[in-house]
């Protein structure tokens, strides 16, 4: 792959910029004020810098027989995210110091496959620079695009998927969809690179096929059922997995499907989950993911504003991203003299 | 009462068959494919076989001053139930091996009393064969029809009612309704049979009349308030009650009024409950009920699709039935060489 | 200030009476039957008697850039409150014995400041008599009106605010609003009286400005973040604070902003909270507040029926008030020979 400094012009053409109103008050500045919106200049992709990308895509949901709407998620999540405080008073972390960069939305006008390629190209450039992609889907087909970025790096990878479903369905008529991204990733030709390892946290047994579990277990994948992950066990399980992957020399990508959370907390998703995890616990998990040095990229998918109730799910998603950012500030403070949490 | 083999033709006339589309994929079969829909042949009612019945009735809710809609519940619950996986990966239980039989809906075109008689006749035949009725209401007037089936068996009975309310109201102008089923059951003439014992789990103090508690306590009934049943205590309380009832030589009927769950998880009910039990805990309870040998019948009532939010409550109800079935598979595996959970 | 007996005629003119239908059944009386509606006669304000007041005001929400609707809350909360049982079976407490007095709604036709003055006048008279005001807002601007009542008493005061936000924003163009009540209270001229002390329980870090925390801490205020208050810790924290305040010779006012609760349980608020406290825990807290002798007044604000889902939030608010009343009955039983809980 080419270095981001030389390819920036190329992949920047894959992106549509976004704008978000600043609702800061003098005594109450908001995150939007401390975010850079627009194209990435060659030196903008610094190690450890969080880089937000939208992927307003729902064709994969449609192909999987689901209901459309997820393409509207990046706009609604940004609306609420940039109204939040750029400081975490509970942990005394300064989110402004992270200098969040929002590159806008990956273009999705062509085929699903083209948009996934485009996402992969951008994510690959961000990762190559050591920056940390935060991708807002879109359906879970977002994850295969995200994977294509990792593929360009050819590093040993661990995938942690927070999800009610395993999302290792076969392609339909040879085409990927919102239920297939991790099968596509695990089966992707890899020219000698080690296969990624995969763990699904929060699976709902009534929604998981026996064939898919078998398929996954034959490849060393792990399934953690939702009811075994309540309260602190969720965070402890993630931390344990990441420590193990780190010992194995892997970096970690965390993918969060909003349907892992129960419908009461997150009603606006493609496939509502009557028994999902607590929305607060999953937000707390996102913060832990931010703190863990092994975690190098993050996506949040399947928010579906068309089925939301008074933006409840988009507001939750915004706090999830904010929590991940707070965790990143914490990580930075521990690992360097840079500002973050004292 | 007559044996089911000779009376099948009679009570089968009380039922309207239902059909549910099969949404199985080759790698992902669904429960609907492993369910027998239609009339019961004389030998279909085997010991331990779960038999599903709908009771699309809401006249009792109307008589009690409630809002109609519960008659639509059996159809919505079936829609979601038969899309679920016929295997519980968390407990490695095979639900397909249960050979679920769905007899359709009890006819409810006549008076409430006629439909309750019809339900009692069918439930009685199912129970007499040692099969396990699973009745989908309708309002809680479903429970008096369910009771009439038990009455035909004349066995010592324990009733466990999961409910925000005691449902021991007096009849109104001599007629039963959705708030009276357990008073009707406890006062029913019984020709020398022992009276059933009754426990209500999940009662909400702000919704329970002092007179009704007194009435119940004078008859040995027990009330467990919701806030004392959070987390594991709910399952432990049910298990404790069932063990005691079993020692006393009683079989157990579990009735589950969806309004025992808080409105966030189950908004679509006749009387929403702002402080109810957690929907996950109640689903876990249904699984425990399935595993307990004393439990011989189950109903799930008061889901009201007219007030539901994106089918959240119907989806929850489907998982509750699925969880009860998973428990039954567990029970079967422990008690015999039949398939179920290894 | 003047004694209530002499000023009753004056401040009674500040109130509009309300009427609520009695839905009692002979075997199931409801709280509405045991409530006195209408004007306060001079001897009606007895020590320890709970006195309900509505404050149908939302101008402060509008000034703060929020969405209107909270003015409709008192009517919806009363609708559900007076349908509840006048007896707490869980704690065997007789709420009827409290002789709840509902003085109706404070007039809000004029400016926000006039209505806050009127609320303060009524609350002051109720407090002076040793009776216990329960104020139903309205936006959180209700709290500054409530404070003006306390100001008239000139007693050392502790304020406990259950809230996702600190509500210590500066005034906007010199005018108070729904985000400023506690800054207005803490900065109010006090002619030598000790300043009140303030604690906020349930704050959400992503919604709290660093400047506001600094401002508060410089004045000795305390902030308890929501995620540190789950389960029993919420009640224990309140009890600990109240005991400390009591040792310091302070009386306590508890203000409850419904947006401290997560949106799943209480969706109908001006600013929904995706990660708030559990609605059951907050209701349990209201009961504890009722039992604590230091707690002398209570308000419940920011319920917004225009954004409610099937009255879920209004139903919850009714149970919160009921729980506070149950706690008061408990307090009375412990402190005197008067009826309450045996």
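By written order: A, B and C. Residues from 1 in each chain.
Quick note on the criterion: a residue touches a chain if its C-beta (ideal position, glycine included) is under 8 Å from a C-beta of that chain, and two chains touch if they have at least 3 such contacts.
Predicted, not measured: the structure shown is a model, and the values here were computed from it.
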Item to complete: Between subunit A and subunit C, two touching copies, which fits better, same or different residues at the interface, with half of the numbers shared as the threshold?
Response: different
Worksheet entry | Equivalent-chain rotation between subunit C and subunit B, CA atoms, steps of 5 degrees | 120
Practice prompt. Determine the centre-to-centre distance between subunit A and subunit C, using the mean Cα coordinates as centres, and give it in whole Å.
Written response: 41
Worksheet item: What are the residue numbers in subunit B that touch two or more other chains?
Response: 264-265, 309
Practice prompt. Note which residues of subunit B are touching subunit C in the complex, please.
Written response: 169-170, 203, 205-213, 223, 225, 227-228, 262-265, 267, 272, 274-275, 307, 309
Worksheet item: For subunit A, which residues are in contact with subunit C within the complex?
Response: 25, 27-29, 84-85, 87-91, 264-265, 279-280, 283-284, 309-312, 315-316, 319, 322-323, 326
